[in-house]
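There are two complexes below, and they share subunit A, which is joined by subunit B in the first and by subunit C in the second.
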Partner chain A sequence: MTQSPVDGGPLLSVRGLAMRYDATTALAAVDLDVQNGEFLTILGPSGSGKTTLLRLIGGFIEPSEGRILFDGVDIAHTAIEARPFNTVFQDYALFPHMNVAQNVGYGLMVRGRPKSEIAEKVAKYLEIVDLAGMERRHPAQLSGGQRQRVALARALICDPRLVLLDEPLAALDAGLRRQMQEFLKSIQRQTGVTFLFVTHDQDEAVTLSDRICVMAQGRVEQIGTARDIYYRPKSRFVATFFGDNNLIEGCRVTVDGACVETPLGVIDLAAPTALAGKRATLCIRPESLSPLSEGETADMSIQAQVTAVDFAGPVTRALLETDAGVRLSLKSFSRPERDSILAGARLTIGFTASATALIPAEAAP
Partner chain B sequence: MATVSANFRAADARRPLIGKRSLADWLLGAVAGIVFLALYAPIFLVFALSFFRTRRGEVQWDSFSLDWYGALFSNAEIAQALVFSLIVGFSATLAAIVLATGIALYASVPQRSERTRAVLEFLVFLPFLLPPIITGLSLLILSREIGLPRGFITISIGHTVFVLAIVYRILLTRIQAVSRNVLEASRDLGASRWQTFRYILLPQLGSAMAAAAMLAFALSFDETMITLFLVGDESTLPLRLYAMMRVGFTPEINALVTLVLIASVLLALIAARFIRGRVGDIEP
Partner chain C sequence: MNAARPSPLSGLAVGAAIWAPLLALIFAPLMSFLIYGFFQVEDNQIQRTLSLETYREALTNPAYMRTFGKTVLLALQVSLACLVLGYATAYFVWRRPARWRAPLLFLLAAPLLMSYVIRIYAMRGVLGANGLLNGVLTTLGIVDEPVTAFLFNLTAVKLTLIVILLPFATLPTFIALERIPASLLQASSDLGAGAGRTFRSVVLPLSLPGATVGAMFTFVLAMGDFLAPELVGGIDGFTYGRLVFTQFGLAFNWPLGAALSALLLAVALCVVFGARAIGSARWRR
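Presenting the complex of A and B:
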């Protein structure tokens, strides 16, 4: 059970995986590598194909096309019970007629493990999920969070190489949800088991994951760390899916790819781009724009008029319009004294080139 | 009417169609009373006559005795018929449970088309809805054609076909109520299809099976028409009863009907409890 994947290679590789139902495409040729020991989140709105991908990997459905390589072997059509993966379901799917101990021990029981071993391991895993003493309870007598932890213990007890979690926190209220996020993360660190987690919640994805795979309309939009996804979006969808973003249209990258001409001026690019010579859209986060006081300098500085201000406690949001007519939103930490961000005021704002990202321009309609 | 406020309409909707203590209320109450009287008076009469004697059409309320019950139990023919009915009932019920579970599982496979499911339902229900005389007669002709002697086997087959529908419906409803995720979770945890059936599905079907069995047994126990065509040397209780009445009405028939009635009501009550299911049986 503990053989490691080929040195440094991914634990699981999905290649060209597609799922079609009659006329609809739930998943279109997806590639994805899952590294051993990581917490990878598949993030997307409903209908993005994230659950379909999880169910294909888990073996609940068979793909129309493509391969799922595990230890170098294609398991795309392997029976569900033969895959060393276990799933935590959105509705927990606990067995209603069994008590907590029977639920948790089920995976070992069907494998014909001796009773003493089952009892020992059940006790150990109930300890891990902090449910010791609950052995005789039935699922109906547990709270949502407790059911969640039973489902997790039931999955972990089988020593899975990969745990699949299908929006397991969606049914919990906000407070419990944050608590369970902490809990999931700590369990994952403690056991070192690879977690593949599906959610539609951006904050949850950022909080939990080592890496995030953003999906939309049956395709992978981008895979990377939370920071990558946030600051280096590769598509318009990713750029706008997480929080606020300023999208500045009508830019053009020079042929040598060294700089980009934008309505805000020419920006020297910090890193090479694949968009050399192409039309592009510049993305910059509202909090990456900062008001400059007299004498301060930045990579880029622009003059703008404040059109609206919204004080929201810790942060102040402002809408700006540059002299070239570009509308920008700015977010900065609020300060107790009256600061320079006032409606109607003129501001000099600065940003660094490294805080910007380029995405392909929208195809002309 | 568009100007009527939402509040007013809500209040209006709460007003019952028929006012309490109105003339319509009294009339409907009377109709209900007459219907219940017509339904239950004969049953009560049989019940009373099994304990009391009558003289010139009047019940003698001071003549309580269990004599008729005594006579009933010393009647060997009735005892034989009762035992035969019980055996047939058990066999038909068992066969129907096994077969209906199979068909219901087949119908509940998620990929099965709605059309297939509708056809199955129709085929299972047809014998239940057809006049029993058709089922009885066709089974009779079949048994003659293939040289199967009439008796226990033919009656059991007839009853199984008859009660299959009710067992199928109850089991299918329960199977569909079992969460699909729970079955998937079992497979995901390494259980084979058989283990999933044995440890997850079957225990959740238990109470539905018990309810279906009781209803099936009750149906089989008083089935008469199909049995009439398929009976051999041994008679079932309803047929024995019918035969007894042709030679003359004896008061022990009242005792017998009372016993059958009590047993049926008990079965129905227990079955109703099981159909509702225990708390937490299905939904966690």
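Presenting the complex of A and C:
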């Protein structure tokens, strides 16, 4: 724990990592940097290669290709027991014949540490995971959440540089799950250990992570903060993976990359884009569209007809159609008094250029 | 009371209806057999008067007790060898790739499909003067001429029983090994343990109960066996099983045979309860 990665460089760098089974490619040339001390979540649908990536890093399987650089050394083919990482397994994988103290102390016992030191550290880590007094219990006598915490303490006690967690909360019910999320996050902050966490639950990823790595079909689609992923998707997959989004097809970025021509009008781009001179699709979140009242202005304003309204408690959703025939969905906080959003009404809606994102246009079918 | 739920009394009745005939089938012959031990033989005639005389004779005669002690020792050695060899075999099979395990297990269990007598004769073929073992030894030049000491003595009985009973120790061990989740082995390596440490701290403690139960089984079988000692044991290989057997055959003393085998039954029961205790270790809940 005292060592630090080379001057602010990443703790772990994955380069061109690939894993192929006979016919399937579980992972295709993945690049990923894990920063020291961060909570990085790997998020993706089932079969996207999350577990494969985690198991490759943990050392449970060997890659077909690529490197895993740790402290500048390629450890892609190093034995599991020689990697300073520890894993929290989805089924906890607690040793059934050992009690809680023996389970937690296993990593230290294996390293031949003196009994007194083991007892001391076990007590400390059981305190951290809030299980003091449970030393003599066997795993069969614990609840799911308690087993989870034993597994976490057992991983943390070895002072790992990186903790790998593969859907550790999947087996817990919703209430306990939320509680454990907070718990995980606070432990991670408290210990400052780097967490690499796998989930296919978007809310969980957003709640827990410093950064999210979105995967699909064995590839990394995008890495960034939750806000980045949400508002600045780089691909169609990411744009539609999280919640609702308006995708406006048929846009073209000017050759100088300064603005984009869209069916909603020409939008000046705030940030430079890699899509200069190319066909593109514009993304804007339904809640980034807001109805303008008389006299209000916005970067962009458009006229639209409300085709349907859906009052859903805290938010009201509406379907709009612009004069140019573009369909949009809009989401705004509901208000107690009569809303200006009424089916059939004409509406002026506005949005800021910074709330939009550009992704490459879909290849012509 | 809820009408839909059957009353505890009717449940009991159903249970009794199922279990009573089964228990009767198992226990009636056993009881009648034990009762034979209360009869005696005089002038080659079974006297059907109840007394403890035959049981007393069976349990105190020094010659019988010596044979019993010798057989216990033999069965201990056989079951210990089965434990070690069975564990090694099961472990070897378990470590093979999944697609090899089923065929290997089948090979191991195949002898069980053969008649017991044929297996013993097969062992006679292996151990005899012109047998496989001597063939190998003479070919390798380890001995100059065939050794006759492999057959018709207590060692031959041990070797035969070990070979024949090995599957009974191997299979339970293999099942115990198979039941260890792969994630436990991964967790152990993940926490820094090498292969040896993982074996000692995880694999062995989790599979030893199953292996021990298997070995106990071979102990009981070795204790009572009379065919193998009879066919490969010679005079030296006279065991308790043969002692019992002769009472029913040559000596025609059924009461004594029954009384002597009551001791075997007691040993078997002790072993069963011992196995139960091992199987219900505290951590299994």
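One rule holds in what follows: the second predicted complex is superposed on the first by the 364 of 365 C-alpha atoms of A that agree within 3 Å, B and C clash if a C-alpha of one lies under 4 Å from a C-alpha of the other, contacts with A are read in each partner's own complex, and residues count from 1 in each chain.
The rule is short, and it goes like this: contacts are C-beta pairs under 8 Å (C-beta built on N, C-alpha and C of every residue); 3 or more make two chains touch, one makes a residue touch a chain.
Nothing here was measured: the structure is a model prediction, and the numbers come from that model.
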Mind checking subunit B and subunit C on superposed subunit A, clash or fit? clash
Looking at the overlay, does A:Arg147 come into contact with subunit B only (first), subunit C only (second), both, or neither? first
A:Lys331 contacts which: subunit B (first), subunit C (second), both, neither? neither
In the superposed arrangement, which partner chain does A:Lys50 touch: subunit B (first), subunit C (second), both, or neither? neither
Identify the partner contact of A:Lys234: answer first if only subunit B is touched, second if only subunit C is, both if each is, neither if none is. neither
After superposition on the shared chain, which partner residues are touched by A:Arg317: those of subunit B (first), subunit C (second), both, or neither? neither
In the overlay, answer first, second, both or neither for which of subunit B and subunit C A:Thr87 touches. both
Can you list the residues of subunit A that touch subunit B in one structure and subunit C in the other? 58-60, 80-81, 85-87, 89, 91, 93-97, 106-107, 109-111, 138-140, 154-155, 158
In the complex of these two chains, what residues of subunit A are touching subunit C? 58-60, 79-81, 85-87, 89, 91, 93-99, 106-107, 109-111, 138-141, 154-155, 158
Subunit B touches which residues of subunit A in the complex? 58-60, 80-81, 85-87, 89-97, 106-107, 109-111, 138-140, 147, 154-155, 158
Tell me, which parts of subunit B touch subunit A in their complex? 179, 181-182, 184-192, 195, 199-200, 203-204, 279-284
If you look only at subunit C, which of its residues touch subunit A in the complex? 181, 183-184, 186-194, 197, 201-202, 205-206, 281-285
